[in-house]
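You will see two complexes here that share chain A, one where it goes with chain B and one where it goes with chain C.
== the complex of A and B ==
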């Protein structure tokens, strides 16, 4: 187990290294010149341009730039934001709570809503099941920015139940209240997906003979569902749930921008537009880190859920 | 005669219209007395499993049933939820064909064993002690350690012993074994049968033993019911059935059972393919495969009538055609 974990962590480091290089080169290969952005379109002499380039190390060879950046990142220094004229680390740090709260809220909605809906559909064939299938079909086909628009126009503009974009509340309760529409917009697609996965995993388990055996022994139906059906369906639910959670990291930029939430996702979009390389690099790298950590957590949970699965092979022993 | 433990009386089962309405069982009657072992024999698809599951009140979803399934005089088909659970945890238990499929792979063996007892309201420590006792009785060494292991750490034969132990946990009056050894190899099969019959004899449990293996049924059962296409076609004491079958299907099954004794004729398969009740034409369902069929066999459905010391559903059962 210790060896396995070590291997996984080394793999994780390798993934991050490769990603860091890809991110760095992609950002540098993108069209547009950061120097022009820094000058905000003001005309400047070639000398002035060169001075700015030197200040941001833009005059060095590409590989040297990459290695310098990587070395700094390893020391926790992500460079300075061109746009905000501030160190990237603290900048992201100040935006992180908003995003964390939003993603956490959405994750709870996805897990609770998705799993409950899926369970309900599996246990109530007929009308309820059909309604859930249609509902989740619509939900999975609706991208977050569409749900955002729909939610705002219905709940913020017409009904006025929730505040519209751009406002923030105070205190945890207030902030959560203000984040409700963004969290729902973020959660809808993935909750639909998780509901469908839960439903089919439950149906598969319901058809298993050991479920019938448990019933045939006089075990109450509730216990049968909980201990055998739901427990057996947990594997696919957790796997897809993990991927879902990782998906939230990506969709959050769209939703934060749509609802004007001060978070890391919005920062990413602003920085891409402004060609603020250090911020884009740092946020992308952190997102990949989040992805990889979630996957690792899911893989580590596997053997706990199904004792036949060995962590080393990831398959049935 | 003591009142039978189990009396299935004219049981007919149909699948609902939503699921390709078709009949599965037609007028099945059989009985098992306390301590008696009764065999239910027939080819695949004849409805043996549906008949046994009905004893626990487990019918295919939405299926309609006619007739009665009485356990200790009470009709299982009309029991409410609570009574049904009481029946399942105290009176009737079932051993299934494939132990791998019957045991939830995610839980420990101990949990599987005590689950039924706990459902019946037995306190945890007593249930555990009883489970260990039962594992010992079915020949599993170091029961306490075994209870902490998981199903995939057991061989098929060992796991089937666990399933038998679990079935006996609630001290049922009636045990139903649905092809309990079909998924096991021959030597394991013999051991598991030995365990099953020994415990059954010790406890005086009634046993309904389902198999498609006539030799095995002969070794285990006092009486045998032969099933074909959802109907019972012959019922007789085991010796009688082997010595003088009255239904051509029984004779066919006997002829296709391989014998080990020297000089025995080679097995002869029953020609044609087994039918399910839904496919069966009017008249005798076996007529199309029967060497002795006459035109009237396809016109008239034979009823199960006394012939010799048992019952047979054949229009020509008294004509000595099989002699």
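== the complex of A and C ==
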């Protein structure tokens, strides 16, 4: 286990190192000279040019530039945002709570909604199962911005139950209320996927002999489902659930843009549009970090939930 | 194609368990895709208006005989934009799937066939790409190369390659162990010839199924990028961009400019999913 963990951590470090190198060298791969690229869309006064050149150490050899930048990044210094005239670290910090709340909300919806729907479909063959299959088929094909449009149109414009895009509430309750439509939009695709995985994992377990044995011993059906079927099906559910949650880190930028949520995802989109490269670099790196960490956590959780799974062979049995 | 894919034995149980991806639904999905391709090809002939023609006097007109699906905020005919939008809507994913399938076939076959260090290096490389979310790669590409169709397509092609590569890798290793391929090697055929003439045709249907599923996902991802303003630039008609434009019209009570392209995207993705899973199902049944 320790060996496996060490290997995974090394792999993780390799991914981050390669990503950081690519993210850094992207500035040099872009057409034109790096200074103009980094200043794109902003007045290129000699002072500004000099500041950028100094910030990125553009007079030094490429590798030195990279290592200096990496050193700064490791100390939490991502440079200065061209667009907001503010250090990137605090800028992202100020946007983080909005995104964290949205992703957390959506994650709860995905897990609860997805698993419950999947369990329901597995236990009610026939009409319910069929309806769930069709519903999840459509849900998995509905990208978050399409859900956003549908939700805004129905619940904000027509019915007026929830506030439309661009408004924020006060206090935790108010903020959650305002984040409801964005969270649902973010959750729909992944909840559909998780429901399908849950359903097939449950069906697979239901057909197993140990379930039959438990029933014949007179174990109540609820207990059979909870202790024997759902427990056995947890492996794939956690694996797929975890990887889908990692996907939330990226699709949040779509939803934040659609609903005008002040978050990191919206910041990324704004910064790409405004050619604010230091922010793009920082958000990209942090997102990749979150993505690989969530995936690692999922792989480590697998064996804890289902001791038959060894971590080295992957999460799903 | 249908002759190859028709299952030898009908299995009513499987049909009952998997209502999606079989029977009439599969046919409907193929028809939907056929209509989409036809619309994309014939857009200039069948579109009632120029998709980029502005007419500010008839902004956000509801559906009527003149404008079947109404107009958007700039007075452009929604139906015409929808028909033209099918072109970039299909061209982008087609390029992504084509490039990633070619790349995946090459990397997967080499890794699976050669084994050894080539396998180790290529597998690590694919793992690396896997561990970075595709949409993020695309956003990064756009940040460097600017918006348009090129940067997102290249980025998504890179991101999708490992999905095909891993599949082909497994298939190639499986096939390599089979006696018929061994016999060709004994006869002194080169690895290249065996792979192109015998390995590829045998794994092609499975790869095709995966590609059809990937097509739907690529369509969603590219539409998302275009929704964010990173794809085809205005005033060109594109479903993702139309939804972005339509979002502000929603607040004014006009649903059609955003709703119509949304329906198109979901319909196309569902259809590609059904076709892909349908092919995979039939293959799985043939295997048994």
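Convention: the second predicted complex is superposed on the first by the 269 of 317 C-alpha atoms of A that agree within 3 Å, B and C clash if a C-alpha of one lies under 4 Å from a C-alpha of the other, contacts with A are read in each partner's own complex, and residues count from 1 in each chain.
As a convention for this text, a contact is a pair of C-beta atoms (placed from the backbone, for glycine too) under 8 Å apart; a residue touches a chain by one contact, two chains touch by 3 or more.
A quick note: this is a predicted structure, and the numbers were derived from the prediction, not measured.
Look at chain A after the overlay: chain B and chain C fit there side by side. When the two complexes are overlaid on their common chain A, residue A:19 makes contact with chain C while staying clear of chain B.
Legend: residue contacts after superposition of the two complexes on their common chain; A:165 is shown touching chain C, with no touch to chain B.
Legend: residue contacts after superposition of the two complexes on their common chain; A:308 is shown touching chain B, with no touch to chain C.
Of the two partner chains placed by superposition, only chain C is touched by A:272; chain B is not.
In the superposed model, A:258 lies in contact with chain C only, and not with chain B. Of the two partner chains placed by superposition, only chain B is touched by A:232; chain C is not. In the superposed pair of complexes, A:209 makes contact with chain B only, with no contact to chain C. Shared-chain residue A:130: touches chain C; no touch with chain B. Between the C-alpha centres of chain B and chain C, as viewed from that of chain A after superposition on chain A, lies an angle of 80 degrees, to the nearest 10. Among chain B and chain C, the chain that touches a larger number of residues in chain A is C.
Once the two complexes are overlaid on the shared chain, A:144 sits against chain C while remaining clear of chain B. Between chain B and chain C in the chain A overlay, the least Cα distance found is 7 Å. Against chain A, the residues of chain C that register as touching in their complex are 17, 19-20, 127-128, 131-133, 135-136, 139-140, 142-145, 216, 220, 223-224, 227-230, 240, 243-244, 246-247, 250-251, 253, 255, 258-259, 262, 265-266, 269-270, 273-274. Residues 53, 56, 58, 84-90, 93-94, 96, 98, 101-107, 115-116, 119-120, 150, 152, 166, 170 of chain B are the ones that touch chain A when the two sit in their complex. Contact residues of chain A toward chain C in the complex are 11, 14-15, 18-19, 22-23, 26-27, 29-31, 130, 133-134, 137-138, 140-146, 148-150, 152-153, 157, 164-165, 203, 246-247, 249-251, 253-254, 257-258, 268-269, 271-273, 275, 277, 280, 284, 287-288, 291-292, 295.
Contact residues of chain A toward chain B in the complex are 208-210, 212-220, 223, 227-228, 231-232, 305-308, 317.
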